[in-house]
Structure formats: structure tokens, C-alpha cells
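One chain, chain A, links the two complexes that follow: it is found with chain B in the first and with chain C in the second.
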Partner chain A sequence: MIFNAVEIMTPILLAALGGLFAELAGVLNIALEGLILAGAFAGILAGAASGSLVVGMLAGALAGGLLAAVFTFFSIRLRANIFITGLAVNLLAAGSIPFISTWMFGTKGVLRFPDLPRLPRLLEGVTSGVGFIDSLLFGHSATVYLAWLLVPLALVALYRTPFGLRLRAVGAREESVIIAGVDAVAYRRIAVLISGVAAGLAGAAISLRLGVYLPNISAGRGWIALVAIYLGYRHPIGILIAALLFGFTESLAGAAQGLLAIPGTVLLGLPYAITVVAMITYSALRARGLRRRRFIDAHF
Partner chain B sequence: MAEKPAASRAPLRAQTPETVVALLAALLVTVLLLVFGSPNPARALRAFFLGPFSNRYYFGNMLDGAGLLLIAGLGVSAAFRAGVFNLGGDGQIYIAGLVAAVVCLALPQAPAVFGIVLALVAAVAVGMLLAGVCGLFKYLWGTDELITSFLISAAIVPSVSYLIVGPLRNQQSNLLTTERIAEQFRLLRLLPPSNLNLALLFALLLAPLAHFLLYHTVRGYELRITGLNREFARYGGIAIGAYTAVPMAISGGLHGLSGAFAVLGTHHAAIQGFTIGLGWNAIAVALIGRNHPLLIIPAALVFAYMEAGARAAMLHTEFSFELGAIIQAVIFFMITAHVALPRLRLHLRGRSTAA
Partner chain C sequence: MKYRTNAQRGRSFKLFGLVCAALLLLLPAAQPAALGARETATEADFSVAVFVPGVVEGSPTYEMLVAGVRRAAEERPGTEVRVIEGGFNQAEWPQSMTSLAATQDYDLIVTSNPSMPEIAAEVSLSFPDQRFLVLDGYLAGNPSLYTVLFNQREQAFLSGYFAGLVSTSSMEHARPGLRAGLLAGQEYPIMNRVIRPAFELGLQSVDPAAVLDFRVLGNWYDAAAATELANSMLDNGADVILTISGGGNQGVISAARTKGAYVLWYDSPGYDEAPGIVIGSTEVKLDEAAYLRTLDAIDGELAFGTGEVLGVGDGFVGFDTGHRLFERHVPQQVRAELEAMITRLRDGDLRLEMPTQF
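For the complex of A and B:
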């Protein structure tokens, strides 16, 4: 079950890490869902056409980045409402993929690619002697390790480079950054592009692992990633924990399905339900914490 | 958390070019997709433009669709106008439709007015509850209502579908649907054999009512000010907390109403997925109508026409894809974009200052 949780959390972690860049630059990127979908579709197409998983991943990243570029063009360049354009990205992905799919393969349903190489598993057979640690760390798909690698990378990029400092400043205090001579708009665009690339990788990680493309393959992971950013206190390590938590609850729910005889259709809504409960709980706790701190500040 | 810009700031007339450009862009994309994606472009285009007017059935159904869009669109703008987002419309409509159907099915012998009113009230209440809690959480703890409303809606849609195809399914029907509601609850059909019914008239009355409430009452004024500038509103002594939760609840209630009419007026039963997409379409309608209650009437008509046209085009070409979603995407991209149209804009602005 822990093994499964790690596999489930990977796309969420990838998308949330990218989304963190946008969030810290002051953009709530509600387009993650559509960006993941684009990455999943482009990733498996390119992977199957080239026979290379690396090419597939790169294509996923490219598709996510390109769609994010469209997103920034409208939302930042043309100053359109960022939430409406975010929805537009989601709708564009959901609407145009069936179109392309029908045009290329004659169906908008499930696409199978039998020739696609299987995603390699790394560190198989390595053992620490403790079952729990083994299933957490070893023998996972290569994409899992890619996601883990990106955690320290994001940490360094955001907190140990001038780029990261400016990016965070753009989100926290835009006016001072502009006075300091930093092109805030450019930083915001780059941040959204990064989140697009990461979401595209997340999508490719989903479809390449399954080896098939299903309609709505992203299944809400973009939204879950968005919530994971908050639950992780807008910090890469926190996001890692939050994503793991989501992965774990989801795999637990999957296991409970058989025991409790919950109908499968109802369970489709479960990831969303878990996510919204987590989000409300988090904000309630945080609000209480803030109030207490304010009380202490005021009285002592 | 990122600041949400107010849905609309500039005066209506200054926004006209964007609306026209957005609609034209959507039209252009549709035509291009039909030309390149259909084996018989001429027939597809003909079906798209003329299909909705080809007979009483299509025409009536288009108007019926516009009525539902109008009510839901008013719901979207109720939240928008107060500066909050209700992204859960789709789920609110769907579950409200089911609730209306269940109320009617539970009381097959009840008098018409009693059953209809009860079904409407129950559906509105469900919608208000689902959206209202998101507003409440926002008010209490600052939880982003945009995300929670979407997630709650996405979480309940599968359960509603389960109830329709599972325990409540009509075993005699080939469709995945509940039993049909009793005759006396079905709203009067205005243009048989189409689905057009009294709900459209109700919707057409609702828009001026919303306009009156928004522009001619103190609460409407306070709601608009809160939507335009929360800090200013608070400084002016407006209880902005109330204008977070209440508009969300109103928004959910109107979505619920739309779902109830989809059952009482249009389909006479809750069918699996029968209103899916209506919530998103309503957002497009509210945006085309610039969140102005009276402008939402033509916006709903235009959108219903494009949607009916897309459906007709697909029917005639045996070629199916999510044209509706693509049309929406184009509108969403363009409708709030600041497209450079220097001459046209200058011209219109000159007129608006002269007026």
C-alpha cells in the first residue's frame, strides 16, 4: 500500500512543485489540470512514435510549456482575467485532445500503444531489511525518482539563488521589486512556464506509466496538486509530505473499496472529497493559529 | 494567495469591442474546425448556422437551453459581482436536478402546485447549501471558494450519477434515467414537440428582477461595491463578510433552480449527465453578458444558438468532438483580454464620453 501511495503521489508532487513557482510569484495557477492533460497526451504520442520514454517525457514537458505560454500570453500579455484564462486552458485541453485524437486515430476514447516500452523500475532488489522503508524508497518507476530529484532542485532554485529570491519577491511585494528594477512581469511569466513544464512532466509520467491514454486521464490531479501547495505551507518539503499524504489516503481508499463494497462510481469523486476536506481543515487550523499569534502579539 | 481582480471594472460600452472580438473569434474557430475536421464542410457549416432554425423542434430546444443558461448565468454573475467565484455550478445544477426529480417521484399523487413548489424549493436549497458553505468557509477561515466550490462539485457528480444509474434507475427504460415525474408536475410546453416550456418565461422575469435588486436597492449597491473594491467597501462600513457568503448562496440557489427546471420543464426525469457542462456554459454566458443581468439575456441566446448549431453540425456530419468545450475555451481566452483595437476603441470611448 505504501508502494502504491508513492506511485500515486508522483504526478501530484511534480505538478505541485511546478505550481509552487507560480504560486510564489503570485499566480494561482488553476490551469494545472489542463496542462497535465496536455502533457499526458503529447507524452504518450511522442513516446510511442519514437519508442523512447525520454522523448515522451520531453514532449510532455514541451506540451505543458507551450500551453502555459498560451496561458501567459492571454493572462499576462493581454492582461485577461487569470482565473478565466486558466479555465480556458483546462477547457482547451479537454476539448482539443478528443479532436486531435479523432483526427489521428479515429477515436476519442482509449488509445493503446502496445509497442511503447515499459517505464523502468529503479533500485529493484535493493533492500534495507525494513519492509516499510523498502516499499517507500526502492523499486519504483523512474518517474518517482525524477520527482524526488526535483524537490531539492526546487528548494535550491527558490531559496538559494537570486532568481528564486526575486521570484518570491514578485509574489510577496511586487511594488518594491519593480522599484528595485526587476522586471516583475517577466518573472511571473517564467514562473508560470516552469509550472507548465512541470505539469507536462506530471502528465507524461501518468500516461507513460499506464501505457495507455484514457479520456480525462488527469482525473483531478491538477486540482489536488493545487491544494497540496497550500497544505505543504508553500514549501517544497511540505509539498512532498502533502503529496505523500494524498497518495496514501488514495491508496488506502482504493484498498477500502473492496472491504466496504462502496460502488466504484462513487469512488471517482473520492480524491476530490479528500482534497476539499484537507483544504478546509488546513485553512481552519491556519486561521486559528493566525488569530492566536495576533492575540499574543497584541497582549504580550 | 493571489489577488483576484474584479470581474469587471470598466464601463460596459468600453468593453463592447472585447465581447464582439471574443464572439467572432469563437465563430472563426468553429468554422475552421468544421471545415478541416468534417468530411463534408458545406453541410456541416449549413447545419451549424441554420440548424437551430430548421424546424420548430430545434428552435424550441434552443430557446429552452437559453432559458436554463440564463438562470444559471445569473447565478454565476451573482457571485462574480460580489468578487467571489462559484466554480461548482455544474455539480450544483446536477444534484439539484436529481433532488427535484426525487421530490416529484416521492409524491406522485400530490397537487401540481404543491409538488412543483416543493421540488423547486428543495433544489434551490441544495444549491444554496453547496455553494453557501464555500462562501462560509471563505468568510470564516479565508478558504479559497474558487477551489472548494469546484472540488465539492467534482466530488458529488459521480455520486449523483451513481444514484441515477443505480438505486433510482428506471428499469423499463433503455436510457440511464430515473422514472419520469408525474404528469401534473410537468411545466406547460410552449412549442411542441420541442422542449420549450414555461421555465423560459420565468427566466425572462428573473433577469429584470436581478437587475432591480442589483441596481436599485441598498444591498445591491453594497454587493457591487464589495465586488469592485473590498477594502473601499469595508472602509465605507459595509459588512463585507456577509457579501462573501450570501452571494455564493444566491449563486448556488440559482444554479439549483436551473437544475430543477431542467427536470420539471425539459426532461421530466433526471438522466445520467443530463446537465453536465451547463455550469461551465453559464460562466461563458455571464462573461459575454459582462455580468449585467439584462445583458445576460442576449448572451444566453447567443450562446444557446452556438451550442445548438454545434450540436446540429455534429449530427449531420457523423463526426463528434467536444466543439462546445473549444468554443468555450476561445471565449474564455478572449473575453477579458485587452485586445488592441485602437481605432474602434477610441471611437467608442469618444462616444461614451460624449454621452
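For the complex of A and C:
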């Protein structure tokens, strides 16, 4: 169950980490769903054409980045409403991919690539002697380790570099940053591009693992990634925990179907119920923290 | 940061206005194309609309539906066929069907889905002269409808029986103990009351101690989630999975390929999806049923107000045993035992009645 949870969380973690950059820069990237779709499509096409999974992942990242550039053009350059632009990007991806697919392959349905290499599993056979640790860390798809790796990278980039400091400042106090001579717009663009690249990687991770592309392959993971950003206190470590929570609850719901006599449809609601509880708990804790801070500010 | 002047903004608005104006001008120009299609339909001796509750491409069931109706139309000169895709939003189907019937352009509306008889019956209240041929569903007594239901009890039983034979065979991925999986996209009446119990009955016909691991995906498209559910089933000891989960089927294949297991397909031959992994496939000859009953409707011989159940004995439900990949990957003994069971069903030695009320 833990093993499956880690595999399930991977695309959510990738997309959410990227989305965090945009979020901290003051842009709510609701186009993540469409960016994942674009990455999944481009990733598997390039992977199948080149016979290389690395090329597939890079193509997924590139496609996500390009679509994110479209998003920045309209939302940041032309100052279009960010929600409408994000939704438009989602619709653009969902609508244009079947068109391209029909043009290239004569179908807008399932695209199979039987000769595509399988995603390698790393650290297979390695054991710590503790089942939980083994399931968490060893024998997973290569993309799982990529996602693990991006957590400390995001942490360092956001909290240990001048770039990260400025990017967070753009999101927190844009006026102060502009007075200090920082190009806030450029930082926002870069942040959205990073989120596009990460979402593209998430999409490629999904399609390359399956070896197929099919409509709606993202299946709402972009939206879940957005929730994970907030659930994770807008921090890479928090996002990792939130993504793991999503993965674990989904894995638990799947496994419970085989163990309990409760109807599967009821158990399928479990991840969402846990998400609601987690969000309420998060809001309550945050409100309590804010109240405490205000009290300290007022009295000391 | 670059700021645009009012003059620049004004030019942008003008350009936007021009594009809008051009679109408005082009809209009436596009209209005759749609009207033309309708006029053609009404000028025909007999006009048929095929309402697809979904999209045709990528759906073998709906491809068969359209192919069957088109084949009938080709055999009766003067018959026009128009295909209308209703999309995946089930909530929109009643309105789409109502709009279609409201045109009064079609002598017959053909559709296929277990939920469509009720929708067609609802539409028939407003348009009692409109005739409907609904496949894969059942509703008798409405003078506007003729329904065809396939015996999915026999179909699922055959799947379960074959899964049992494979699981207890000496095939490469067969494991000790008979445990098979069934992954459904959603729970719905026919799944819960017909397919699942009949699949389990088929398994237990091979070994009474057989265990069915039933899981629900919750949708018809999330292949990644289907992979994890299939992984969980395989980890629990299943070695064969029947998948009826739309796009999720691809996820089951992915899991079976990685872990070494077999997959069963439903409704249409799926051997080419993953040779050696998709090891068996039941089939429903929906195209043949659509063809024959559309012909009957065109000839005025379809008894609207009634319905029928077609099964193995009628030749409309079966198991695709003639495929080269089936012959290559399934041992002779398993094939022979399956053929014997199909013969029993065909000859009526074994009767599995399909309920018509759910």
C-alpha cells in the first residue's frame, strides 16, 4: 500500500512543486491540469519517436513550459483575468490534443506505443530490513526519484538563493520589490514557466509509465496539485507531506476495496473526505496561529 | 515594465472589434452547411439519426453501432444516416435527444446505452411519433421504442469461466489458488446485479473455492489510478483481471505487463491491445444487431413497443476464439474446455437468463 501511495503521489508532487513557484510569486496557476495534459502528450510522442525516455521527459517539460509561456503572455503581459486565462489554457490543451492526435494518428482516442521502453525501476532489491522504509524508498519508477530530488532543490532555490528571496518578495510585497529595482514581471514569468516545466514533467511521468496516451489522462491531478500547495502550507516539505497524504489515501481506498465489504464507490470517497478534514484542520491551525501572532504583536 | 499608451490600447480594441465583426459575418455563412445537411435528411425516403452517447472514435461499441446502421442504409437505397455525438456528459443526453426528436427530420433514432431506454421514453412523451431503436438496454411496452438487450449474464459467465481455466492452468503467469480480479469503471445496476455475480459464478464453476477481487475505479478514464488498483489486485494474488473500465483498461494492461499477469477484455476483441497479456475477449455483435434491426425498421417490420434479449444461442454474444493471438497464447486444453462451455450455452444445456428489470 505504501509502495502504491508513493507511485500515486509522484505526478501530484511534481506539479505541486512547480505550482508553488508560481503561487509564491503571486500567480495562482490554475492551468496545471492543461499543462500536465500537454506534457503527457508531448512526452510520450517524443519518447516513442526517439526511443528514449529521457527525451520523452524533456519533451514533456518543454511542452509544459511552452504552454505556460502562452499562459504568461495572456495573464501577465496582456493582463487578462488570470482565472479565465488559466481555464482557457486547460481548454486549449484538452481541445487541441485530440485535434493533433487525429491529424497525426487518425484517432483522438487511445494512443499505444508498444515499442516504448518501460520506465526503469531503481534500487530494486535494496532493503533496509524495515518493510515500511523499503516500500517508501526502494524499487520505484525513476520518476519517483526525480520528484524526491526536486523537493530539496525547490527548498534551496526558494529559501537559500537571492532568486528565491526576490521571487517570494514579488508575491508578498510587490511594491517594495519594484522600489528596490527588481523586475517583478520577469520573476512572475519565470515562476510560471517553472510551474509549466514541472507540470509537463508530471504529465510525461504519467504517460511514459503507462506506455499510452489517452484523453483526460491527467484525471484531475492538476487540481489536486493546487490543493496540495495550500495543504502543504505553501512550502516544499509541506507539499511533499500533502502529496504523500493524497497518495496514501487513494492507495488505502483502493486496497480497502479488496479487504472490506463496504461498496467500492463509498470507499472511493475516502481520499476526498480526508482532504476536506485536512483542509479544515489546516484552516483551523492557521487561524489559531494568526490569532496567537496578533496577540503577541499587540502585547509585546 | 512596459506600459501601453491609450492609443495602443485603442488600436488593440479596434483589432478585437474587427475580429468579432468578421466572426459575426462568417456565422450566417456557416449556417447553410448545417441546414443543407438537414434538408438532405428530410428529402431521403428514410432518414436515420444515430445518437452516440459519447464519441465514436476510440469506442469499439459505438464504432460497431455506427457501422451496423450504415451497412443497413447502404442496402436500402434512399436511406440517409446522420451521426450525432452526445459527448460524455450524461446529464446533457436527454436534452440532446429531445432536440434531435424536435427536428422531426428522422424516421428513426438509433442509440445504444443501458440508460438510453428511459431517456428515449421520456422524449417520446413529447414526440410520440418519433421511433427509437435502443440497443444494449431494455424497456418493453412503450409504442415508440424497440429495445435490444444482450445477455451479459452469459457474457460475464464465459469471462469468469475462462479466467478460472487460465488461473488453474500451467500458463506462465498462473499462480496457485484461483483468485481473479474484476475492475469496473463505475458501479451500476447491470454491473452489480448481473456482470459481477455471473463472473464469479463462472470462476466458481472451475473451482468452488475461487475468490473474486472486485474493485471500482470511480470513472472511465483514469488509467494511472487503474494501474494502482490492478497492482493491488495482483499483489493480493490475482493472476487474471477482467477490466471493464474504459480508458482505465490501459492502466490494467500496464500493471499486468509489469507484474506478469493476464487481462480479459469485454464487448470487443482486444487481443491486439497487448498481445500475450490480453489473453481472452468476449464479444457482443452489436454491429450485427444494429444492422438487422435497422433493416427491419426501414422495411416497416420492427415491432415497436417490444424488446428482445439476444445471447449466445442467438449468435450475438460469444467469445472471440478465432483470433490468431488467442490460438497462439492459450493452451489447447483451455481452448477446448472453453469451447465445450460455449457449446453448452449455445445448445441450451446451460441456461443463464438475463434479467430485464434492474
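For this structure, a couple of remarks:
Here is the rule we go by: the second predicted complex is superposed on the first by the 259 of 300 C-alpha atoms of A that agree within 3 Å, B and C clash if a C-alpha of one lies under 4 Å from a C-alpha of the other, contacts with A are read in each partner's own complex, and residues count from 1 in each chain.
The working rule: a residue touches a chain if its C-beta (ideal position, glycine included) is under 8 Å from a C-beta of that chain, and two chains touch if they have at least 3 such contacts.
None of the values given here were measured: they were computed from a predicted structure.
Counting residues of chain A touched by each partner, chain B versus chain C, the larger count belongs to B. In the superposed model, A:257 makes contact with chain C only, not with chain B.
Legend: residue contacts after superposition of the two complexes on their common chain; A:84 is shown touching chain B, with no touch to chain C. Once chain A of one complex is fitted onto chain A of the other, the partner contacts of A:265 extend to both chain B and chain C. In the superposition on chain A, contact is made by A:108 with both chain B and chain C. In the superposition on the C-alpha atoms of chain A, the part of chain A touched by chain B in one complex and by chain C in the other spans residues 102, 108, 263, 265, 268. Listing the residues of chain C that touch chain A in their complex gives 1, 55, 57-59, 184, 186-187, 213-216, 218-219, 221-225, 227-229, 231-233, 236, 247, 250-251, 254, 257-258, 273-274. Residues of chain A touching chain C in their complex: 1, 4, 7-8, 11, 102, 107-110, 112, 114, 118, 178, 183-185, 206, 209-212, 214-217, 219, 221, 250-251, 254-255, 257-258, 263-265, 268. Chain B makes touch with chain A in their complex at residues 1-5, 7, 33, 37, 85, 87, 137, 140-144, 146-148, 150-152, 154-159, 161-162, 165-166, 280, 283, 287, 319-326, 328-339.
Across the interface of their complex, chain B is touched by residues 23, 26-28, 30, 70, 74, 78-85, 87-89, 91-92, 94-96, 98-99, 102-103, 108, 171, 220, 223, 226-227, 263, 265-270, 272-273, 275-276, 279-280, 283-284, 286-287 of chain A.
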